Amino acid sequence: MSDKAADVVPALQVERLRKVFPIRGARRDAPAEVSAGPGLLGRGLITRRRGTRPGASAELVAVDDVSFAVPPGRSLAVVGESGSGKTTVARMIVGLERPTQGRILVAGRERSWRHVSSRERRRRAREVQIIFQDPYSSLDPRQTVRKCLDEALRLHFDWNGDRRNARVEELLEQVGLARRQADTLPRALSGGQRQRVAIARALACEPRVLVCDEAVASLDVSIQAQVLNLMSDIRDVTGVTYLFISHDLAVVRQVSDDVIVMRTGHVVESGPTEQVLESPQHPYTKRLLAAIPRPGWRPTAISDAAESTGPAA
Amino acid sequence: MNVLELDALAVDLLVEGRLSRVIHEVTLNVAESQAVGLVGESGAGKSMTSRAVMRLLPAGAVIHGDIRFWGRSVLAMDTGQLRAFRLRDAAMIFQDPRAHINPVRTIGDFLTEALLERGESRHRADAIVSGLLSAVGITDAARRMRQYPHELSGGLLQRVMIAAALAIEPKLLLADEPTTALDVTTQSDVMVNLGTQRRERRLAMLFITHDLELAAAVCDRIAVMYAGYLVEDSPAASLHAEALHPYTAGLLASRPSPSARSRRLAAIPGRPLSAFEAGDGCVFASRCPFAVDRCRAERPMLREFASGRVACHRVEEIRGRLSAVASGTAAYE
Amino acid sequence: MSATAAPVLAPPPAAGARRGRRRSTLLRDPVAVAAGLFILGLVAVAVLAPWIAPYSPSAGSILSGNEGISSAHWLGTDSFGRDLLSRLIFGARLSLLGPALIIAISTLVGATLAIAAAWIGGWPDQVVSRVADILFAFPGLIFAMIAVSMFGAGLIAPVIALSISYTPYLMRVVRAAAIQQRALPYVSACYVEGLPAWKICLRHLLPNVAPILLVQATLSFGYALVDLAAISYLGLGVQPPAAEWGLMVSEGQSSILAGHPQESLAAGVMIILTVVAFNLLGDRLASRQGMELA
């Protein structure tokens, strides 16, 4: 991505990342964000294992041969629509899915996928954290904000109660929440406020890399703007590296330095954000750009004919 | 005469045993062949407004004011008339197609249901529906009609919903966030299709969305709601150049652009209020950078201004500044 | 389970579902309050039996057998001349203790297995689920009878057998709820945060499935009570001269034909009232959570 990639150890690097999901019979076994259907068979996405009859074990290639590197302090956006595999990439990076093939390196250190011990998982938590899309289900509804943040602090730092409390208040201030909200339950908070708590929780671990999986997509427009500004501020203060997963090119333009565009598991285009969005090379990127509502825009029939979206669930 | 007239519409909902006003005196008209975008964030009351038109409000809700369809009051309709209204005159498209379609019946059953209910023969109903599926861009109608909802993608299913809405040949279409759950490329396709159908059939449409840019692109007029109040009603064409209400300008300014990065997004401070949190004075006063004492004490009425209507005391003074804010050349303060 | 089968609940909608409804306190629900008070009253009566009961449960002479309601004996006497009211009061102890033990054991074991299975997944989950399926197929009463035949009559053998028999019901409901919770992002967040698996299960999964667990336990109590009463009725549970409602129904049987139904009737009514109270409470707890009885 950057010219100086050779000199600086990237904060995050993935090489030839691949994820294949086995599918048994009906679509009910298909994972959440990627789905299988006979329509995708023709496009080579689902491969039948040799010698098996149709309908028997098939595979869904969710991510295929994805590589990128993010220098420390920069931000990379992974853009795609549903089924592109972008969320799967994020989940593999934070350890929620195991790659079928490929390597993931954080600060130059490779993450292995053999049995990861509890201790190793705790260590990795200081490297990469994630913020999820839905603020309404990403906080434990029975835990107050303070307990939530405190739990993260107790896990990673050997501090006494007072120091932890002070840090909790510091974090709340950093994400723009009032101190008195520390002792409220999530249900008393709005979507935007809950998302700020999620950000505070992620920051509590003091990670190098922050993965934002459609972190603003569920927020109202005016709140989205606030949270995007907040994320810039956080980067300015902590120097954290961002990995933004998003379907929204406007948001991507606002927050990221570099971008990769994914479609059905593959990277179709990559480069500095400004360059890719000003002069997109790949037809899919052009289509994505052409589809965004903005001043002066009118909808045009741009995607393939209805049939090709496939009978995917 | 207008297809749809909302006349000082107010809705009270039963919340924890008490009536709470969620929509405050909304007056809005939709003419034939016209698309009006009803735009707002969470708690604005836009979805509830469209449900009120179809009289699909939760039990215990109280409606004040009037809703008129071609001059006839919808609120005064008895059960039979209401049924006829829903079966022939008005159709609704919902946000999540999967939640509004019976998963154990075929697409064909779903589409022909209303037609058969109206007395069409099975043969004729099938023919109409096949035509419609082609109209919304679904080829191979015969096969699709035999399929079940889970076999179709979200985009296809939403087109099916649109086909279902058009099947009864309504005069009024209520589209409640019809493309929010779809990919942006699919959204573009679906909106093109909807636009074509609408123009061909001279349909009036109330288009509910949180996406102001989308509404501005596909509608003739934009009505902006905040905390249950209608705060602005302007032509879509002049919205970017001439946003009348500070909230509208704020919404336009807070949206990032794919063509340029702002150093910092102009964010409206605070969070969107719900209707029952509104106090005295202007609902938006607590977040408005242009608010003065009068705004906090006295609620502004919706009044005619330039080519639209706006509920703001200071619209004459801040006009110029608002245009700059909306276009991103000035900060929101 | 044989004649009686504990109901199985459908898990509630996912946590954080954007519902405007706020939880109204259970205390505002008259039915729940009535049921709750009845149960509390029953427990109090059982605990305070020696001080409340007018007579000793074993005192009586055959000469005053099968008497009707009188000022001396408010509910009459049984065939041995023992005061029915006192026997009912003392009977509450054993009649409530048995089901309480059953529910406690099956809840502890069931919830632990369920959460562990939900978390670990894979073949351990399959094994546990299949074992539960097998246990489901076994009628609880038959199981209890086999246990009695092997280990003798009394409270212990049937309680243990029924505990085993009820565990799958608790387990199935908790497992479904735990699986649903586990799929939510907040659990993933804890995982990525580095929290050890057992802490996630204990501190996050358990509290969030506790409501549904409570409902299932409350509902199962009633069924456990009936099952144990049936065991006692068959003479396989507690033995005479102990006071226990199921046993009393059985002992009073012969007197019914002689025109003295009071013993069986009184004991039977107590069983019914108690079961109804638990069912109502469980149902109210369930609707408060937004769940439905499947």
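Note that the chains take the letters A, B and C in the order they are written out, and that residue 1 is the start of every chain.
Throughout what follows, contacts are C-beta pairs under 8 Å (C-beta built on N, C-alpha and C of every residue); 3 or more make two chains touch, one makes a residue touch a chain.
Given the structure is predicted, the values throughout are model-derived calculations rather than measurements.
Chemist: Which chain's C-alpha centroid is most distant from that of subunit A?
Modeler: Farthest by centroid: C.
Chemist: Please list the single chain whose C-alpha centre lies closest to the global protein C-alpha centre.
Modeler: A
Chemist: When all chain pairs are ranked by how many C-beta pairs they have in contact, which pair ranks first?
Modeler: That would be the chain pair A-B.
Chemist: When the centre of a chain is set as the mean of its C-alpha atoms, what distance in Å lies between subunit B and subunit C?
Modeler: Subunit B and subunit C have C-alpha centres separated by 52 Å.
Chemist: As a quick test, compute the distance in whole Å between the mean CA positions of subunit A and subunit C.
Modeler: Roughly 47 Å separates the two chain centres.
Chemist: Distance-wise, how many Å sit between the C-alpha centres of subunit A and subunit B, to the nearest whole number?
Modeler: 31
Chemist: Would you give the residues of subunit C that are in contact with at least 2 other chains, written as numbers and ranges?
Modeler: none
Chemist: Spell out the residues on subunit A that touch subunit C in their complex, using ranges where they run on.
Modeler: The contact residues of subunit A facing subunit C are 94-96, 118, 121-126, 128-130, 132-134, 136-143, 151-152, 155-156, 186-187, 198, 201, 205.
Chemist: Which positions of subunit A touch subunit B when the two form their complex?
Modeler: 27, 37, 81-82, 190-193, 220-226, 228-229, 232, 247-254, 273-274, 277-278, 287-303, 305-307, 309-313
Chemist: Residues of subunit B touching subunit A in their complex?
Modeler: 41-42, 137-140, 147, 150-156, 159, 183-189, 191-193, 195, 210-214, 216-218, 240, 250-251, 254-262, 264-269, 271-272
Chemist: Where on subunit C does subunit A make contact in their complex?
Modeler: Residues 14-18, 184-186, 188-197, 203-204, 207-208.
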